[in-house]
Amino acid sequence: MQRIGVFVCWCGSNIAGTVDVQAVSDALQNEPGVVFSTNYQYMCSQAGQDIIKNAIAEHKLTGIVVCSCSPRMHEATFRKTAAAAGLNPYMVEIANIREQCSWVHKDMPTGTEKAIILGKAAVAKVNLNAPLKPGESPVTKRALVIGGGIAGIQTALDIAEAGFPVDIVEKKPTIGGKMAQLDKTFPTLDCAACILTPKMVDVAQNENIRIFSYSEVEEVGGFVGNFDVKIRKKARFVNEDICTGCGICTEKCPQKKVPNEFNLGMDNRRAIYIPFAQAVPKVATIDADYCTMLKTGKCGVCSKVCTAGAIDYTQKDEIIEEKYGAIVAATGFNPISMDKFDEYAYNQSKDVITSLEFERLTNAAGPSAGKLVRPSDGKHPHTIVFVQCVGSRCAACAEKGKEYCSKICCMYTAKHAMLTRDKYPDTDVYVFYIDVRTPGKAFDEFYRRAVEEYGVHYIKGMVGKVSPEGDKLMVQASDLLANKQLHIEADLVVLAAAIEPDKSARPLATQLTASMDTNDFFTEAHPKLRPVESPTAGVFLSGTCQGPKDIPETVSQASAAAAKVIGLLAKDKLTGNPCVAASDELMCNVCSSCERVCPYGAITYVDKEFRMPDRTTRVRRVASVNEAVCQGCGACTVACPSGAMDLKGFATKQIIAEVDAICR
Amino acid sequence: MKVSYFPGCTLKTKAKQLDKYTRKSAEVLDITLEEIENWQCCGGVFTTARDEIATKLSSVRALSEAAKKDQILVSVCSACHNVIKQTNNAMQTDDEFNFRVNQYIDEEYNGEAKVMHFLELLRDEVGFDKVAEKVKKSLEGKKVAAYYGCLLLRPSSVMQMDDPENPTIIEDLISALGGEPVVYPYRNECCGGYIALENPESAKARSNKVTESAVKSGAEIIVTACPLCKYNLEKNGSEIPVVYFTELLAEALGVKEEN
Amino acid sequence: MQINGEFQPKIVAFCCNWCSYAGADLAGNNRLAYPENVKIIKVPCSCRVNPMFILRAFQRGADGVILCGCHPGDCHYTSGNYYTRRRMALLFSMLNYLGIEKERTRVEWVSAAEGAKFAQTMNEFTEAVAALGENKRLEDLRCKK
Amino acid sequence: MNNSTENLQKEIIRSSGVNPKKCMRCGKCSATCPAYDEMEYHPHQFVYMVENGDIQPLLESKSLFQCLTCFACIERCPRGVEPAKLVEAVRLAVIRKQGANHLKADDIPALLDEDMPQQAIVSALRKYSK
Amino acid sequence: MQKVTCDTLVAKACELLENGTVDRVLGWKNGEFVYDVTPALFTTVDDIKSEFVFNDFCGANFSKYLIEETRKTESKVLVFLKPCDTYSFNQLLTEHRFDREKVYALGIPCEGMADITKVKAAAGDGITAIKAEGENLVISTLYDEDKTVACADMLAERCMVCKSKKHVAYDELLGEDGDVIDSNRFDEVEKLEAMTEDERFAFWQNELSRCIRCNACRDVCPACTCEKCVFDNPESSVANKAISDSFEEKMFHIIRAFHVAGRCTDCGECSRVCPQNIPLHLLNRKFIKDINSFYGEYQAGAEAGSRAPLVDYTTEDIEPTDAVLKGASDNA
């Protein structure tokens, strides 16, 4: 029989406000196995933990139940407390009477009654707990960073600086990501390329970093410390080791009509191309969708002009297999499609553009060499209307955009407006906003300067319709403060499109078994306390794949993720999860059902000698669980017809005891 | 192909042309229009209030009739189509409305019928390519502006005919008939509708915007599917002719009587 | 159970640690109320739930049993919820074949981010079970207090 | 808010099926409205005023009858608020009262011309009278 | 009337024993009554010649016996398998329950077995002898003169809806092999599905409340071969060896049916041996029918090594809520 101690936490008034904690500790006092029951204001505090430690010693407790917040919050805390007092940490069970009781129920009687039942279920479970000892597994000291934007670059550099090898997988031909496409950055207005490209060069030169550009993650197996990853290196038809990046091929290629994705299709590139001058690796890539040679077998100009002999039309996709100890997702974002917002006429007029396109238009390396002109006729625009929140803050029921605030648009729009007025004072600039959100260091000051110093017209209201008429854009909008409907004749309309996670993130999350929210942003292990870890051990999050962020935030998070990775790789061994499956070999039928459902291949078969009642021995094959590989899902326990397979920590008897306690 | 046909009251009176050319074109395109027996006026507008039951019963009866015959319910008047489609949607999605409507009708109806505008029928069931094959007298050189108005497109979550802000269905039909579609920004803005009755000035302002925009974009003729749109645009002094799309269709198919 | 003459169903919810259990926590964080009738049992994955647990709950007087797991394709263990889906499809169909009201059993996919869905699901499920009244068909009277 | 206003507010919300609380005050409905200049109270104000129970001025306003039911505000509202439905519900609250029809059958002949389609008459009757 | 005679089987068994292919024979012998045929293990030619029987009452499926038999020695055992038995045989092989090398499987054709309940109903009590004559059975009783009944009228339910006359596994086949039959074995399940929930509950309560928990269904079931049955294992939390309550019985039968779901070959032994005549096969068939309708046609045992539906999945599987509706409305 266990000797169980029950500790009911008030959590200040969080629990005690809706649950009579004294009544709970009194009621649980009489449960089978309970020898001690108490309550305290903050069980997780030092004083609270001391109460637990003292009780363990004083009452010779063999198991404890803490009625408190979610185990996702403090289970680890109380396990450590128990361990410090000499109790096996897996003899601790948490009754979640905060998130799943006091916070969601209305009054004291119902809250108290439910808390008692939850407590009873936890006591019933602990009565059947057994001490568990986690296994150990080695750590592969190499990290994988998926995505080569500023987030991936920063994470990789920090990990490499700490002395661990890192691989970056980037699906585009170059690293750099969205930041490489930007012109200036808010609120300091320093040039994006000037601060990004040195970092890209650092990456290229760092001996600990390998870049797999034009590559994608194909398959992920294994678990924390021991991931097995297959990377598909797509054929770029250029030998990376030989290509010098001289760029002659990209000038001679006769296929000139390929929309240039780096400039968002606002100009053309060749079929063989280097995305931009500072690309890393600076290697040419052939676009197989457009290359005449690859499509028809006739051309070969690039091969002829390449003095290095780097062109290889027969190149095939290559699969690289590598082991990693940690994986960082840094897959970034994209502006959403404007197809569902054609009241702004994005698909009807070339002069309605997104902010990222505006960014390219003002960039010295962009399609207009930095001159702000209308894409339709190359003329200078005299009236520009910026529309904020296009697709952001949409209700789910409207089924068009995103429910969240994209966070960066207010600031970059202020930047665009300010820079326009600075460079072209003859231009009228209107910004239509719902709210201007500027919570950041020097952000509001920046926005105010746009209004006060640069004379940008900020109008509270929304644009309802943009009508292209002749070479003008008729903008119909509301001015809520003046209570007027406005009609502005504009030359250029710039839409602050909502941002969304890159489309590659969802399949990647599935491969990583990392969870995502309904918007396809990766979810954190804890929204406040573990913001750079995914709930899946060994998988970390960097940058906008976790939520909208500006550059400084992205870089901070990237470094934070790197710190977590370094902490993991610095260990030689990892303690595993002791809640793994175990087979009772006497009962095993060898039917192989468990083996068939195991997602990890953790089940093998061994020959076992059994002593029979007549003292003879018989060799029988039985299932055996590899504890280092088993992740403890429990699929096998249900597949097993004889009940030979059970799960430690979530044993059949334990769960049934909980069911019984709840239904009692 | 046999479909149920709901002409609507205006098509029996002021908009006989719309009805006549629809029927003639349908014949050429092997569509049999079976007019719903004893159909009643749809009411012209869909009252959005959820507790308006009686005004929607005539639509439900027509829908139920079509569902019984397992036929698509086709109308050609934008208003009828809008009312019937919205009513059908309410029958499918609003349980309370559905329950109350079913108290009034003999046989239970739960939104089973498929509702299509004649344009959708041409696009999705016949195919514009098939329509193009039957063209006898191409509209070549004719610059035609499609006027959608409100009722064909909105609310798009219910109507689901086309992109509500940048539709192409009529333009595609015009192209199929050999004409040159003119795209202009006001083709999906309101003509003023029934406001013409009590505030003609408001209707005039709306309609003028539409016709001016079409003319500015180089249109020679405007086509519409709605008798009220046609009335408003014409009444308020459109510089260019406004005709039903079916008239151009019949012309191209060679079944328009010269008079 | 009757409280003030009103039937209060007993509802057991098996929740996957990685998704719906966290979803329930999120419902708590956001103070999204749902009936106290719902008592959650944490499992590492929905595929840990043996049909025997569900039958046991009914036998011991539960009026409804709901199982929440990760959305198909999002299982923390890659495929656990797919097995759950098959097992429960067959079990629930069998229970209904035996005359057990189909509204008493349910599987719902609730992610860690869907606190609102969790609360809404529990509200709906409790209401549906309450409308059925007491589970008399699978309850073992000996287990009654 | 007194009782009768509160009941009226509830009734409008119920019959329209619109939840004005979803509004984030962006003003896109008013930006989009073709009849904006004919109105004393604009679509976004309808939503705001119903939400606040400030309904009396709406009941008395001519704006009620200027909405064209073109659904553009419904189409473009980023929050799915559907202002046009609210306008209709307020209008119904007025014309459903005894003798409060905005348009009477007897008035119609004077408003007609020979080209006006039936559709215009029935639509107007639907919208303006009960 | 069986096409293969007892003499043929005896001769074959003796031949295989004598030439050393096998050293034991799993066969049938008479029990207390003529219709009470029981499984038996023969080790000598003499025993076979004197005791071996084969007639219309040899329903017993021997597949399950092979688990224990093949563990005893290294030598081979001869087993007679009717077509339906071969499905169980394959299923056990799939689950690695016996050593195929230690079995000599002799496939025998089957014309369907008689149901003693039907015979008794036709002839009355006190049966002393049953003889097969052509398509008829001649029944002698203590109290009455001989009665002649058509074999076809005496067929067991499972044989009336026989799913297959084809052997899916054997070393040697006696006589001609048949075909998989398009049977209407799900008709009764469909009838139940068409009832209301209340009617179904009443039906099953009436049936299952008769259970005396003799465990015969479990003991005979070729899918119930666990080293230790959960119902006998106090650790399993469902152990309960004796009848205690009508509701408990329902639990027992649901759990048992679920345990064999996807593995049951529909051999019908459970219903055959039930002393209370509970139509237990209707539980198993419901699972088989649902599996077919949810996940595509699957017959456990049709192919050795196949992946059972419950240890398999597709990403597009039906949702449980829809499954319940589909399971109930397929034929409604």
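Order of writing sets the chain letters: A, B, C, D and E. Residues in each chain are counted from 1.
Everything below uses one rule, namely that a contact is a pair of C-beta atoms (placed from the backbone, for glycine too) under 8 Å apart; a residue touches a chain by one contact, two chains touch by 3 or more.
Keep in mind it's a predicted model, so treat the numbers as computed, not measured.
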- Task: Count the smallest number of chain-to-chain hops linking chain B with chain E, moving only between touching chains.
- Result: 2
- Under the touch definition above, the chains in contact with both chain A and chain E are C
- Query: Going by the average position of its CA atoms, which chain sits the greatest distance from chain B?
  - Reply: E
- Query: Is the number of contacting C-beta pairs greater for A-D or for A-C?
  - Reply: A-C
- Please compute the C-alpha centroid of chain D, do the same for chain E, then give the distance between them in whole Å. 73
- Rounded to the nearest Å, the gap between Cα centres of chain B and chain C is 49
- Quick one: report the Å distance separating chain C from chain E, using the average Cα coordinate of each chain. 36
- Residues of chain C that touch two or more other chains sit at 51-52, 56, 73, 79, 83, 87
- Multi-chain contact residues (two or more partners), chain D: 72, 75
- Message: Residues of chain A that contact two or more other chains, please.
- Response: 343, 465, 597, 639, 652, 656
- Query: Can you name every pair of chains that touch?
  - Reply: A-B, A-C, A-D, A-E, B-D, C-E
- Name, in rising order, each residue of chain D that touches chain A in their complex. 22, 24-33, 36-37, 42, 44, 72, 75-81
- Would you tell me which residues of chain A are touching chain C in their complex? 70-73, 96, 98-101, 103-106, 110-111, 113-114, 117-118, 121, 509-510, 513, 515-518, 523, 535-536, 579, 597, 599-600, 631-635, 637-639, 647, 650, 652, 655-656, 658-660, 662-664
- Message: Applying the document's contact rule, which stretches of chain A touch chain B when the two form their complex?
- Response: 339, 341-343, 345, 347-348, 399, 465-470, 474
- Of all residues in chain D, those that touch chain B in their complex: 14-17, 34-35, 38, 65-66, 68-72, 74-75, 82, 84-85, 88-89, 92, 103, 108, 111, 113, 115-124, 126-128
- Task: Provide the residue numbers of chain B that touch chain A in the complex, in ascending order.
- Result: 157, 163, 165-166, 183, 185-186, 189, 213, 216
